[in-house]
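Shared between the two complexes below is chain A, which pairs with chain B and chain C, respectively.
What follows is the complex of A and B.
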(Lines of atoms letter the chains of each structure in order from A and count residues from 1; the text may use other names and numbers.)
(Lines give C-alpha, C1' and ligand atoms only; values in the text may rest on other atoms or scores of the structure.)
Protein backbone atom coordinates (compact mmCIF):
# COMPACT_ATOMS: atom_id res chain seq x y z
CA UNK A 1 0.00 0.00 0.00
CA UNK A 2 1.00 3.64 -0.11
CA UNK A 3 1.07 6.31 2.60
CA UNK A 4 0.80 9.98 1.68
CA UNK A 5 3.33 12.37 3.17
CA UNK A 6 2.24 15.98 3.62
CA UNK A 7 5.35 17.58 2.12
CA UNK A 8 7.03 17.99 -1.27
CA UNK A 9 10.17 16.02 -2.10
CA UNK A 10 11.95 19.27 -3.01
CA UNK A 11 10.77 22.91 -2.60
CA UNK A 12 8.79 24.46 -5.47
CA UNK A 13 8.92 28.25 -5.64
CA UNK A 14 7.88 30.48 -8.52
CA UNK A 15 8.68 34.18 -8.81
CA UNK A 16 5.71 35.26 -10.97
CA UNK A 17 2.28 34.33 -12.33
CA UNK A 18 3.13 32.67 -15.67
CA UNK A 19 0.32 30.67 -17.35
CA UNK A 20 2.41 30.34 -20.53
CA UNK A 21 5.03 28.31 -18.64
CA UNK A 22 2.27 26.33 -16.86
CA UNK A 23 0.96 25.25 -20.25
CA UNK A 24 4.40 23.91 -21.23
CA UNK A 25 4.90 22.19 -17.86
CA UNK A 26 1.70 20.16 -18.35
CA UNK A 27 3.80 18.06 -20.76
CA UNK A 28 5.50 16.54 -17.71
CA UNK A 29 2.13 16.05 -15.97
CA UNK A 30 0.05 14.21 -18.57
CA UNK A 31 2.42 13.84 -21.54
CA UNK A 32 3.91 10.65 -23.00
CA UNK A 33 7.24 11.04 -21.15
CA UNK A 34 5.73 12.76 -18.10
CA UNK A 35 5.67 11.80 -14.45
CA UNK A 36 2.24 10.12 -14.54
CA UNK A 37 3.39 7.85 -17.38
CA UNK A 38 6.60 7.08 -15.49
CA UNK A 39 4.92 6.20 -12.18
CA UNK A 40 2.24 4.03 -13.80
CA UNK A 41 4.73 2.35 -16.15
CA UNK A 42 7.12 1.16 -13.42
CA UNK A 43 4.48 0.28 -10.84
CA UNK A 44 2.66 -1.83 -13.44
CA UNK A 45 5.71 -3.54 -14.95
CA UNK A 46 7.03 -4.67 -11.55
CA UNK A 47 4.45 -7.48 -11.13
CA UNK A 48 6.01 -9.56 -13.88
CA UNK A 49 9.70 -8.69 -13.39
CA UNK A 50 12.33 -10.85 -11.64
CA UNK A 51 12.55 -10.44 -7.84
CA UNK A 52 16.02 -8.88 -8.10
CA UNK A 53 14.66 -5.66 -9.65
CA UNK A 54 11.13 -5.35 -8.16
CA UNK A 55 12.40 -3.22 -5.27
CA UNK A 56 14.02 -0.74 -7.66
CA UNK A 57 10.87 -0.35 -9.79
CA UNK A 58 8.71 0.03 -6.69
CA UNK A 59 10.95 2.77 -5.29
CA UNK A 60 11.47 4.69 -8.54
CA UNK A 61 7.74 4.41 -9.35
CA UNK A 62 6.92 5.82 -5.93
CA UNK A 63 9.41 8.68 -6.35
CA UNK A 64 7.72 9.55 -9.66
CA UNK A 65 4.49 10.32 -7.78
CA UNK A 66 6.47 12.80 -5.66
CA UNK A 67 7.66 14.40 -8.93
CA UNK A 68 4.07 14.47 -10.27
CA UNK A 69 3.10 16.43 -7.16
CA UNK A 70 5.97 18.89 -7.75
CA UNK A 71 4.80 19.50 -11.34
CA UNK A 72 1.21 19.94 -10.12
CA UNK A 73 2.46 22.47 -7.55
CA UNK A 74 4.32 24.43 -10.26
CA UNK A 75 1.22 24.56 -12.49
CA UNK A 76 -1.02 25.50 -9.56
CA UNK A 77 1.28 28.32 -8.43
CA UNK A 78 1.83 29.66 -11.95
CA UNK A 79 -1.91 29.87 -12.75
CA UNK A 80 -3.75 30.51 -9.47
CA UNK A 81 -3.75 34.31 -9.85
CA UNK A 82 -4.22 34.44 -13.63
CA UNK A 83 -7.34 36.08 -15.10
CA UNK A 84 -9.28 34.29 -17.88
CA UNK A 85 -7.79 36.88 -20.28
CA UNK A 86 -4.24 36.00 -19.19
CA UNK A 87 -5.00 32.30 -19.54
CA UNK A 88 -6.34 32.86 -23.04
CA UNK A 89 -3.26 34.89 -24.02
CA UNK A 90 -1.10 31.98 -22.85
CA UNK A 91 -2.99 29.60 -25.12
CA UNK A 92 -5.01 28.15 -22.22
CA UNK A 93 -8.40 29.42 -23.43
CA UNK A 94 -9.59 25.94 -24.47
CA UNK A 95 -8.31 24.55 -21.15
CA UNK A 96 -10.16 27.26 -19.21
CA UNK A 97 -13.56 26.61 -20.81
CA UNK A 98 -13.28 22.90 -20.05
CA UNK A 99 -11.45 22.87 -16.70
CA UNK A 100 -11.21 26.42 -15.27
CA UNK A 101 -7.90 26.37 -13.37
CA UNK A 102 -8.18 22.68 -12.49
CA UNK A 103 -5.31 20.42 -13.46
CA UNK A 104 -5.96 17.77 -16.09
CA UNK A 105 -3.85 14.85 -17.31
CA UNK A 106 -3.03 16.17 -20.76
CA UNK A 107 0.11 17.17 -22.65
CA UNK A 108 1.23 20.68 -23.62
CA UNK A 109 -0.95 20.49 -26.75
CA UNK A 110 -4.06 19.54 -24.72
CA UNK A 111 -4.12 15.85 -25.73
CA UNK A 112 -5.46 13.72 -22.84
CA UNK A 113 -3.19 11.11 -21.24
CA UNK A 114 -3.56 7.60 -22.63
CA UNK A 115 -2.31 4.19 -21.50
CA UNK A 116 -0.87 3.66 -24.97
CA UNK A 117 2.03 5.92 -23.86
CA UNK A 118 3.35 3.07 -21.68
CA UNK A 119 4.19 -0.55 -22.32
CA UNK A 120 4.53 -3.74 -20.28
CA UNK A 121 6.05 -6.44 -22.45
CA UNK A 122 6.57 -9.18 -19.90
CA UNK A 123 10.17 -9.38 -21.12
CA UNK A 124 12.44 -7.90 -18.42
CA UNK A 125 15.11 -6.59 -20.81
CA UNK A 126 12.53 -5.03 -23.15
CA UNK A 127 10.75 -3.39 -20.20
CA UNK A 128 13.95 -2.05 -18.61
CA UNK A 129 15.20 -0.67 -21.93
CA UNK A 130 11.89 1.18 -22.29
CA UNK A 131 12.37 2.55 -18.77
CA UNK A 132 15.89 3.80 -19.57
CA UNK A 133 14.59 5.49 -22.74
CA UNK A 134 11.71 7.04 -20.79
CA UNK A 135 14.11 8.57 -18.26
CA UNK A 136 16.31 10.00 -21.01
CA UNK A 137 13.28 11.48 -22.82
CA UNK A 138 12.06 13.05 -19.57
CA UNK A 139 15.56 14.45 -18.93
CA UNK A 140 15.54 16.06 -22.39
CA UNK A 141 12.05 17.51 -21.79
CA UNK A 142 13.23 19.06 -18.51
CA UNK A 143 16.14 20.65 -20.37
CA UNK A 144 13.78 22.18 -22.95
CA UNK A 145 11.52 23.43 -20.14
CA UNK A 146 14.48 25.02 -18.32
CA UNK A 147 15.39 26.76 -21.60
CA UNK A 148 11.83 28.16 -21.92
CA UNK A 149 11.82 30.19 -18.66
CA UNK A 150 13.89 32.95 -17.04
CA UNK A 151 12.33 32.28 -13.60
CA UNK A 152 15.34 31.16 -11.53
CA UNK A 153 13.17 29.72 -8.73
CA UNK A 154 11.29 27.54 -11.20
CA UNK A 155 14.55 26.57 -12.93
CA UNK A 156 15.92 25.38 -9.59
CA UNK A 157 13.08 22.85 -9.09
CA UNK A 158 13.26 21.77 -12.75
CA UNK A 159 17.02 21.18 -12.44
CA UNK A 160 16.37 18.93 -9.44
CA UNK A 161 13.89 16.90 -11.53
CA UNK A 162 16.30 16.74 -14.49
CA UNK A 163 18.97 15.36 -12.16
CA UNK A 164 16.62 12.68 -10.80
CA UNK A 165 15.99 11.40 -14.34
CA UNK A 166 19.75 10.89 -14.74
CA UNK A 167 19.96 8.91 -11.49
CA UNK A 168 16.94 6.76 -12.39
CA UNK A 169 18.41 6.01 -15.82
CA UNK A 170 21.70 4.95 -14.21
CA UNK A 171 19.90 2.61 -11.74
CA UNK A 172 17.84 1.03 -14.55
CA UNK A 173 21.04 0.42 -16.51
CA UNK A 174 22.50 -1.32 -13.43
CA UNK A 175 19.31 -3.41 -13.20
CA UNK A 176 19.85 -4.59 -16.80
CA UNK A 177 23.41 -5.66 -15.89
CA UNK A 178 22.13 -7.51 -12.80
CA UNK A 179 19.66 -9.47 -14.96
CA UNK A 180 22.26 -10.24 -17.63
CA UNK A 181 24.63 -11.56 -14.97
CA UNK A 182 21.84 -13.72 -13.54
CA UNK A 183 21.04 -15.05 -17.01
CA UNK A 184 24.71 -16.02 -17.53
CA UNK A 185 24.66 -18.07 -14.31
CA UNK A 186 21.74 -20.30 -15.38
CA UNK A 187 22.73 -23.96 -15.47
CA UNK A 188 21.08 -26.39 -17.85
CA UNK A 189 21.35 -30.15 -17.40
CA UNK B 1 -3.25 23.85 17.99
CA UNK B 2 -0.94 23.47 15.01
CA UNK B 3 1.18 26.50 14.14
CA UNK B 4 0.87 28.22 10.76
CA UNK B 5 3.96 28.25 8.50
CA UNK B 6 6.62 30.68 9.70
CA UNK B 7 10.35 31.03 9.14
CA UNK B 8 11.05 28.00 11.32
CA UNK B 9 8.53 25.91 9.32
CA UNK B 10 10.51 26.42 6.12
CA UNK B 11 13.82 25.79 7.91
CA UNK B 12 12.68 22.51 9.49
CA UNK B 13 10.98 21.41 6.27
CA UNK B 14 14.15 21.98 4.27
CA UNK B 15 16.24 20.08 6.83
CA UNK B 16 13.81 17.18 6.53
CA UNK B 17 13.92 17.34 2.72
CA UNK B 18 17.73 17.27 2.86
CA UNK B 19 17.74 14.14 5.05
CA UNK B 20 15.12 12.54 2.80
CA UNK B 21 17.27 13.25 -0.24
CA UNK B 22 20.15 11.28 1.28
CA UNK B 23 17.71 8.46 2.08
CA UNK B 24 16.07 8.25 -1.35
CA UNK B 25 19.49 8.25 -3.00
CA UNK B 26 20.77 5.49 -0.70
CA UNK B 27 17.56 3.50 -1.17
CA UNK B 28 17.86 3.41 -4.97
CA UNK B 29 21.62 2.79 -4.73
CA UNK B 30 21.13 -0.13 -2.34
CA UNK B 31 18.42 -1.61 -4.58
CA UNK B 32 21.21 -2.32 -7.10
CA UNK B 33 24.17 -2.60 -4.64
CA UNK B 34 22.66 -4.67 -1.79
CA UNK B 35 26.03 -5.82 -0.41
CA UNK B 36 27.52 -2.39 0.32
CA UNK B 37 27.84 -2.54 4.12
CA UNK B 38 29.07 1.06 4.51
CA UNK B 39 26.07 2.36 2.53
CA UNK B 40 23.69 0.34 4.74
CA UNK B 41 25.34 1.78 7.87
CA UNK B 42 24.93 5.28 6.46
CA UNK B 43 21.32 4.50 5.51
CA UNK B 44 20.45 3.35 9.04
CA UNK B 45 22.20 6.35 10.58
CA UNK B 46 20.24 8.78 8.40
CA UNK B 47 16.97 6.89 8.93
CA UNK B 48 17.40 7.54 12.67
CA UNK B 49 18.21 11.24 12.13
CA UNK B 50 15.19 11.48 9.85
CA UNK B 51 12.86 10.08 12.51
CA UNK B 52 14.05 12.66 15.03
CA UNK B 53 13.71 15.54 12.56
CA UNK B 54 10.20 14.45 11.50
CA UNK B 55 9.12 14.20 15.15
CA UNK B 56 10.39 17.74 15.83
CA UNK B 57 8.54 19.06 12.77
CA UNK B 58 5.28 17.30 13.67
CA UNK B 59 5.32 18.59 17.27
CA UNK B 60 5.14 22.14 15.94
CA UNK B 61 3.33 21.88 12.63
CA UNK B 62 1.15 18.79 12.83
CA UNK B 63 1.23 15.29 11.34
CA UNK B 64 3.17 14.50 8.15
CA UNK B 65 1.63 11.05 7.67
CA UNK B 66 -1.71 9.47 8.41
CA UNK B 67 -3.48 6.10 8.59
CA UNK B 68 -1.84 5.88 12.02
CA UNK B 69 1.75 6.67 11.06
CA UNK B 70 1.55 10.02 12.90
CA UNK B 71 -0.22 10.98 16.16
CA UNK B 72 -2.90 13.68 16.46
CA UNK B 73 -3.87 16.24 19.07
CA UNK B 74 -7.43 17.58 19.47
CA UNK B 75 -9.13 18.57 17.23
CA UNK B 76 -8.07 16.21 14.36
CA UNK B 77 -4.98 17.90 12.93
CA UNK B 78 -4.45 16.03 9.65
CA UNK B 79 -7.12 17.87 7.64
CA UNK B 80 -5.64 21.28 8.43
CA UNK B 81 -4.10 23.39 5.66
CA UNK B 82 -1.57 24.18 4.42
CA UNK B 83 -1.15 21.33 1.96
CA UNK B 84 2.24 20.98 0.25
CA UNK B 85 1.33 22.97 -2.87
CA UNK B 86 0.04 25.86 -0.76
CA UNK B 87 3.34 26.77 0.92
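What follows is the complex of A and C.
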Protein backbone atom coordinates (compact mmCIF):
# COMPACT_ATOMS: atom_id res chain seq x y z
CA UNK A 1 0.00 0.00 0.00
CA UNK A 2 0.94 3.62 -0.22
CA UNK A 3 0.65 6.62 2.05
CA UNK A 4 -0.32 9.78 0.20
CA UNK A 5 1.14 13.13 1.09
CA UNK A 6 -0.92 15.94 -0.38
CA UNK A 7 1.93 18.00 -1.75
CA UNK A 8 4.18 17.91 -4.78
CA UNK A 9 7.66 16.40 -4.61
CA UNK A 10 9.06 19.69 -5.92
CA UNK A 11 7.22 22.98 -6.45
CA UNK A 12 5.64 23.60 -9.85
CA UNK A 13 5.48 27.25 -10.83
CA UNK A 14 4.24 28.17 -14.29
CA UNK A 15 4.67 31.86 -15.01
CA UNK A 16 3.98 32.16 -18.72
CA UNK A 17 0.49 31.73 -20.18
CA UNK A 18 1.48 29.28 -22.90
CA UNK A 19 -1.06 26.51 -23.62
CA UNK A 20 1.18 25.40 -26.50
CA UNK A 21 3.67 24.13 -23.93
CA UNK A 22 0.97 21.89 -22.39
CA UNK A 23 0.81 19.97 -25.64
CA UNK A 24 4.53 19.26 -25.45
CA UNK A 25 4.53 18.44 -21.74
CA UNK A 26 1.88 15.77 -22.27
CA UNK A 27 4.66 13.68 -23.83
CA UNK A 28 6.03 13.13 -20.32
CA UNK A 29 2.52 12.35 -19.05
CA UNK A 30 1.32 9.64 -21.43
CA UNK A 31 4.22 9.19 -23.85
CA UNK A 32 6.38 6.10 -24.34
CA UNK A 33 9.17 7.45 -22.13
CA UNK A 34 6.86 9.38 -19.83
CA UNK A 35 6.28 9.13 -16.11
CA UNK A 36 3.23 6.85 -16.37
CA UNK A 37 5.21 4.35 -18.42
CA UNK A 38 8.06 4.56 -15.92
CA UNK A 39 5.90 4.07 -12.82
CA UNK A 40 3.95 1.15 -14.25
CA UNK A 41 7.07 -0.47 -15.72
CA UNK A 42 9.01 -0.53 -12.45
CA UNK A 43 6.12 -1.36 -10.16
CA UNK A 44 5.27 -4.33 -12.37
CA UNK A 45 8.76 -5.64 -13.14
CA UNK A 46 9.72 -5.68 -9.47
CA UNK A 47 7.69 -8.83 -8.65
CA UNK A 48 9.88 -11.16 -10.65
CA UNK A 49 13.27 -9.59 -9.91
CA UNK A 50 15.79 -10.86 -7.34
CA UNK A 51 14.94 -9.79 -3.77
CA UNK A 52 18.02 -7.57 -3.54
CA UNK A 53 16.68 -5.05 -6.08
CA UNK A 54 12.89 -5.19 -5.55
CA UNK A 55 12.95 -2.36 -3.03
CA UNK A 56 14.77 -0.11 -5.48
CA UNK A 57 12.09 -0.55 -8.11
CA UNK A 58 9.36 0.03 -5.52
CA UNK A 59 10.98 3.29 -4.46
CA UNK A 60 11.72 4.58 -7.94
CA UNK A 61 8.33 3.48 -9.29
CA UNK A 62 6.66 5.36 -6.46
CA UNK A 63 8.71 8.48 -7.14
CA UNK A 64 7.67 8.32 -10.80
CA UNK A 65 4.07 8.78 -9.67
CA UNK A 66 5.17 11.89 -7.79
CA UNK A 67 6.71 13.13 -11.05
CA UNK A 68 3.48 12.29 -12.88
CA UNK A 69 1.63 14.59 -10.49
CA UNK A 70 4.05 17.40 -11.21
CA UNK A 71 3.59 17.03 -14.97
CA UNK A 72 -0.19 16.90 -14.50
CA UNK A 73 -0.02 20.13 -12.48
CA UNK A 74 1.93 21.86 -15.25
CA UNK A 75 -0.48 20.73 -17.98
CA UNK A 76 -3.54 21.62 -15.92
CA UNK A 77 -2.26 25.09 -15.08
CA UNK A 78 -1.54 25.75 -18.77
CA UNK A 79 -4.91 24.56 -20.08
CA UNK A 80 -7.54 25.18 -17.41
CA UNK A 81 -8.13 28.81 -18.34
CA UNK A 82 -7.76 28.53 -22.11
CA UNK A 83 -10.70 29.12 -24.42
CA UNK A 84 -11.42 26.57 -27.19
CA UNK A 85 -9.94 29.11 -29.63
CA UNK A 86 -6.73 29.41 -27.63
CA UNK A 87 -6.46 25.63 -27.37
CA UNK A 88 -6.87 25.29 -31.12
CA UNK A 89 -4.17 27.90 -31.63
CA UNK A 90 -1.92 25.83 -29.36
CA UNK A 91 -2.50 22.75 -31.52
CA UNK A 92 -4.89 21.27 -28.97
CA UNK A 93 -8.06 21.51 -31.08
CA UNK A 94 -8.30 17.73 -31.49
CA UNK A 95 -7.66 17.32 -27.76
CA UNK A 96 -10.48 19.71 -26.91
CA UNK A 97 -12.90 17.85 -29.15
CA UNK A 98 -12.05 14.55 -27.51
CA UNK A 99 -11.40 15.58 -23.91
CA UNK A 100 -12.45 19.19 -23.26
CA UNK A 101 -9.75 20.46 -20.89
CA UNK A 102 -9.37 17.11 -19.17
CA UNK A 103 -5.93 15.56 -18.96
CA UNK A 104 -5.46 12.32 -20.81
CA UNK A 105 -2.72 9.73 -21.03
CA UNK A 106 -1.50 10.48 -24.53
CA UNK A 107 1.74 11.65 -26.12
CA UNK A 108 2.44 15.05 -27.67
CA UNK A 109 0.92 13.85 -30.95
CA UNK A 110 -2.30 12.76 -29.22
CA UNK A 111 -1.63 9.02 -29.43
CA UNK A 112 -3.14 7.32 -26.35
CA UNK A 113 -0.87 5.52 -23.89
CA UNK A 114 -0.46 1.81 -24.49
CA UNK A 115 1.06 -1.00 -22.43
CA UNK A 116 3.28 -1.87 -25.39
CA UNK A 117 5.43 1.08 -24.27
CA UNK A 118 6.65 -1.06 -21.37
CA UNK A 119 8.07 -4.54 -21.04
CA UNK A 120 8.62 -7.19 -18.38
CA UNK A 121 10.90 -9.85 -19.75
CA UNK A 122 11.47 -11.67 -16.48
CA UNK A 123 15.20 -11.63 -17.11
CA UNK A 124 16.71 -9.29 -14.50
CA UNK A 125 19.50 -7.97 -16.72
CA UNK A 126 17.16 -7.38 -19.66
CA UNK A 127 14.60 -5.62 -17.45
CA UNK A 128 17.15 -3.42 -15.68
CA UNK A 129 18.80 -2.47 -18.97
CA UNK A 130 15.37 -1.42 -20.24
CA UNK A 131 14.94 0.67 -17.10
CA UNK A 132 18.31 2.37 -17.58
CA UNK A 133 17.44 3.14 -21.20
CA UNK A 134 14.05 4.49 -20.14
CA UNK A 135 15.65 6.89 -17.66
CA UNK A 136 18.09 8.18 -20.28
CA UNK A 137 15.27 8.65 -22.81
CA UNK A 138 13.20 10.52 -20.21
CA UNK A 139 16.23 12.70 -19.41
CA UNK A 140 16.59 13.55 -23.09
CA UNK A 141 12.87 14.34 -23.36
CA UNK A 142 13.18 16.76 -20.44
CA UNK A 143 16.07 18.46 -22.20
CA UNK A 144 14.03 18.98 -25.35
CA UNK A 145 11.10 20.23 -23.26
CA UNK A 146 13.38 22.74 -21.50
CA UNK A 147 14.48 23.90 -24.97
CA UNK A 148 10.85 24.53 -25.97
CA UNK A 149 10.04 27.12 -23.28
CA UNK A 150 11.56 30.36 -22.05
CA UNK A 151 9.55 30.26 -18.80
CA UNK A 152 12.36 30.06 -16.25
CA UNK A 153 10.06 28.85 -13.47
CA UNK A 154 8.76 25.99 -15.60
CA UNK A 155 12.33 25.25 -16.66
CA UNK A 156 13.30 25.03 -12.99
CA UNK A 157 10.76 22.27 -12.28
CA UNK A 158 11.75 20.45 -15.48
CA UNK A 159 15.42 20.64 -14.54
CA UNK A 160 14.64 19.01 -11.20
CA UNK A 161 12.83 16.18 -12.99
CA UNK A 162 15.70 15.78 -15.44
CA UNK A 163 18.15 15.47 -12.54
CA UNK A 164 16.05 12.73 -10.96
CA UNK A 165 16.29 10.71 -14.19
CA UNK A 166 20.08 10.87 -13.90
CA UNK A 167 19.98 9.63 -10.31
CA UNK A 168 17.55 6.83 -11.16
CA UNK A 169 19.68 5.70 -14.07
CA UNK A 170 22.71 5.32 -11.80
CA UNK A 171 20.68 3.42 -9.19
CA UNK A 172 19.51 0.95 -11.85
CA UNK A 173 23.10 0.55 -13.03
CA UNK A 174 24.10 -0.17 -9.43
CA UNK A 175 21.36 -2.80 -9.30
CA UNK A 176 22.95 -4.45 -12.33
CA UNK A 177 26.32 -4.36 -10.55
CA UNK A 178 24.76 -6.06 -7.52
CA UNK A 179 23.33 -8.81 -9.71
CA UNK A 180 26.67 -9.29 -11.49
CA UNK A 181 28.07 -10.30 -8.09
CA UNK A 182 31.63 -11.13 -9.04
CA UNK A 183 32.64 -7.54 -9.75
CA UNK A 184 35.40 -6.34 -7.42
CA UNK A 185 35.48 -9.53 -5.40
CA UNK A 186 38.96 -10.55 -6.48
CA UNK A 187 37.59 -13.90 -7.42
CA UNK A 188 39.83 -15.48 -10.04
CA UNK A 189 38.94 -18.34 -12.31
CA UNK B 1 -42.72 18.40 -12.83
CA UNK B 2 -39.48 17.73 -14.74
CA UNK B 3 -38.92 21.26 -15.87
CA UNK B 4 -37.98 22.29 -12.35
CA UNK B 5 -34.51 20.89 -12.95
CA UNK B 6 -31.90 23.20 -14.42
CA UNK B 7 -30.10 21.84 -17.53
CA UNK B 8 -26.70 23.07 -16.32
CA UNK B 9 -24.81 23.30 -13.06
CA UNK B 10 -21.89 25.58 -12.39
CA UNK B 11 -19.00 25.58 -9.98
CA UNK B 12 -16.11 27.83 -9.12
CA UNK B 13 -12.79 26.01 -9.54
CA UNK B 14 -9.80 26.79 -7.35
CA UNK B 15 -7.82 29.72 -8.68
CA UNK B 16 -4.19 29.71 -7.60
CA UNK B 17 -2.34 32.91 -6.77
CA UNK B 18 0.33 32.02 -9.34
CA UNK B 19 -1.78 30.70 -12.22
CA UNK B 20 -0.15 31.70 -15.51
CA UNK B 21 -3.33 32.57 -17.45
CA UNK B 22 -6.27 34.89 -16.66
CA UNK B 23 -8.72 32.67 -14.76
CA UNK B 24 -12.00 31.20 -15.93
CA UNK B 25 -13.87 31.83 -12.70
CA UNK B 26 -16.96 29.71 -13.29
CA UNK B 27 -17.16 26.34 -15.04
CA UNK B 28 -20.36 24.62 -16.15
CA UNK B 29 -21.48 21.12 -16.95
CA UNK B 30 -24.67 19.65 -18.44
CA UNK B 31 -27.35 17.97 -16.39
CA UNK B 32 -29.78 17.12 -19.23
CA UNK B 33 -33.40 16.10 -18.49
CA UNK B 34 -32.78 12.37 -19.08
CA UNK B 35 -30.70 12.46 -15.90
CA UNK B 36 -33.86 13.08 -13.87
CA UNK B 37 -36.20 10.66 -15.68
CA UNK B 38 -36.17 7.12 -14.35
CA UNK B 39 -38.69 5.74 -16.83
CA UNK B 40 -40.68 7.90 -19.20
CA UNK B 41 -44.41 7.73 -18.37
CA UNK B 42 -46.99 7.64 -21.18
CA UNK B 43 -49.02 10.63 -22.27
CA UNK B 44 -46.50 13.44 -22.05
CA UNK B 45 -47.15 16.75 -23.74
CA UNK B 46 -45.83 16.75 -27.30
CA UNK B 47 -44.42 19.25 -29.80
CA UNK B 48 -46.18 19.58 -33.12
CA UNK B 49 -44.72 17.13 -35.66
CA UNK B 50 -42.91 19.95 -37.51
CA UNK B 51 -41.48 21.35 -34.29
CA UNK B 52 -40.43 17.88 -33.13
CA UNK B 53 -38.50 17.25 -36.36
CA UNK B 54 -36.66 20.51 -35.88
CA UNK B 55 -35.85 20.01 -32.21
CA UNK B 56 -34.92 16.35 -32.33
CA UNK B 57 -37.47 15.21 -29.76
CA UNK B 58 -41.23 14.83 -29.61
CA UNK B 59 -41.40 15.90 -25.97
CA UNK B 60 -40.68 19.34 -24.54
CA UNK B 61 -39.62 17.67 -21.27
CA UNK B 62 -36.75 15.94 -23.08
CA UNK B 63 -35.62 18.99 -25.02
CA UNK B 64 -32.21 20.23 -23.88
CA UNK B 65 -30.61 23.16 -25.68
CA UNK B 66 -26.84 23.61 -25.70
CA UNK B 67 -25.29 27.04 -25.68
CA UNK B 68 -21.98 27.39 -23.85
CA UNK B 69 -22.45 31.13 -23.34
CA UNK B 70 -25.94 30.57 -21.97
CA UNK B 71 -24.55 27.93 -19.62
CA UNK B 72 -22.36 30.48 -17.88
CA UNK B 73 -24.77 33.42 -18.03
CA UNK B 74 -25.82 34.20 -14.45
CA UNK B 75 -29.25 35.31 -15.63
CA UNK B 76 -29.83 32.08 -17.51
CA UNK B 77 -31.13 28.80 -16.19
CA UNK B 78 -27.62 27.50 -15.73
CA UNK B 79 -26.49 30.45 -13.68
CA UNK B 80 -27.25 31.28 -10.06
CA UNK B 81 -30.34 29.13 -10.12
CA UNK B 82 -28.43 26.09 -11.23
CA UNK B 83 -25.64 26.58 -8.74
CA UNK B 84 -25.63 24.27 -5.80
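In this text, the second predicted complex is superposed on the first by the 181 of 189 C-alpha atoms of A that agree within 3 Å, B and C clash if a C-alpha of one lies under 4 Å from a C-alpha of the other, contacts with A are read in each partner's own complex, and residues count from 1 in each chain.
Methods note: a contact is a pair of C-beta atoms (placed from the backbone, for glycine too) under 8 Å apart; a residue touches a chain by one contact, two chains touch by 3 or more.
The structure displayed is predicted, hence computed values, not measured ones.
Undergrad: Touching A:69 in the superposition: chain B (first), chain C (second), both, neither?
TA: A:69 sits against chain B, while chain C stays out of touch.
Undergrad: By the touch definition at the top of the document, which applies to A:59: first (chain B), second (chain C), both, or neither?
TA: First partner only, chain B.
Undergrad: Quick one: is A:32 in contact with chain B, with chain C, with both, or with neither? Answer first, second, both or neither.
TA: Neither partner.
Undergrad: Decide which partner touches more residues of chain A, taking chain B and chain C as the two options.
TA: B
Undergrad: So, A:176: does it touch chain B (first), chain C (second), both, or neither?
TA: So A:176 meets neither chain B nor chain C here.
Undergrad: I'd like to know which partner A:166 touches here: chain B for first, chain C for second, both or neither.
TA: It touches nothing on chain B or chain C.
Undergrad: A:4 in the overlay: touching chain B, chain C, both, or neither? Say first, second, both or neither.
TA: first
Undergrad: Is A:132 touching anything from chain B or chain C once the two structures are fitted on A? First, second, both or neither.
TA: Touch status of A:132: no partner.
Undergrad: Thinking of the overlay built on chain A, is A:18 touched by chain B (first), by chain C (second), by both, or by neither?
TA: A:18 contacts chain C only, not chain B.
Undergrad: Classify the contacts of A:77 with the two partner chains as first (chain B alone), second (chain C alone), both, or neither.
TA: It touches chain B and chain C both.
Undergrad: Across the two complexes, what residues of chain A are contacted by chain B and by chain C?
TA: 77
Undergrad: Can you name the residues of chain B that touch chain A in the complex?
TA: Listed in rising order, the residues are 13-14, 16-17, 20-21, 24-25, 27-29, 31-33, 62-67, 69, 78, 83-85.
Undergrad: Show which residues of chain A lie in contact with chain C when the two form their complex.
TA: Residue list for chain A touching chain C: 13-19, 77-78, 80-82, 151.
Undergrad: What part of chain A is in contact with chain B in the complex they form?
TA: Chain A residues touching chain B: 3-12, 53, 55-56, 59-60, 63, 69, 72-73, 76-77, 167-168, 171, 174-175, 178.
Undergrad: Tell me, which parts of chain C touch chain A in their complex?
TA: On the chain C side, the touching residues are 13, 16, 18-24.
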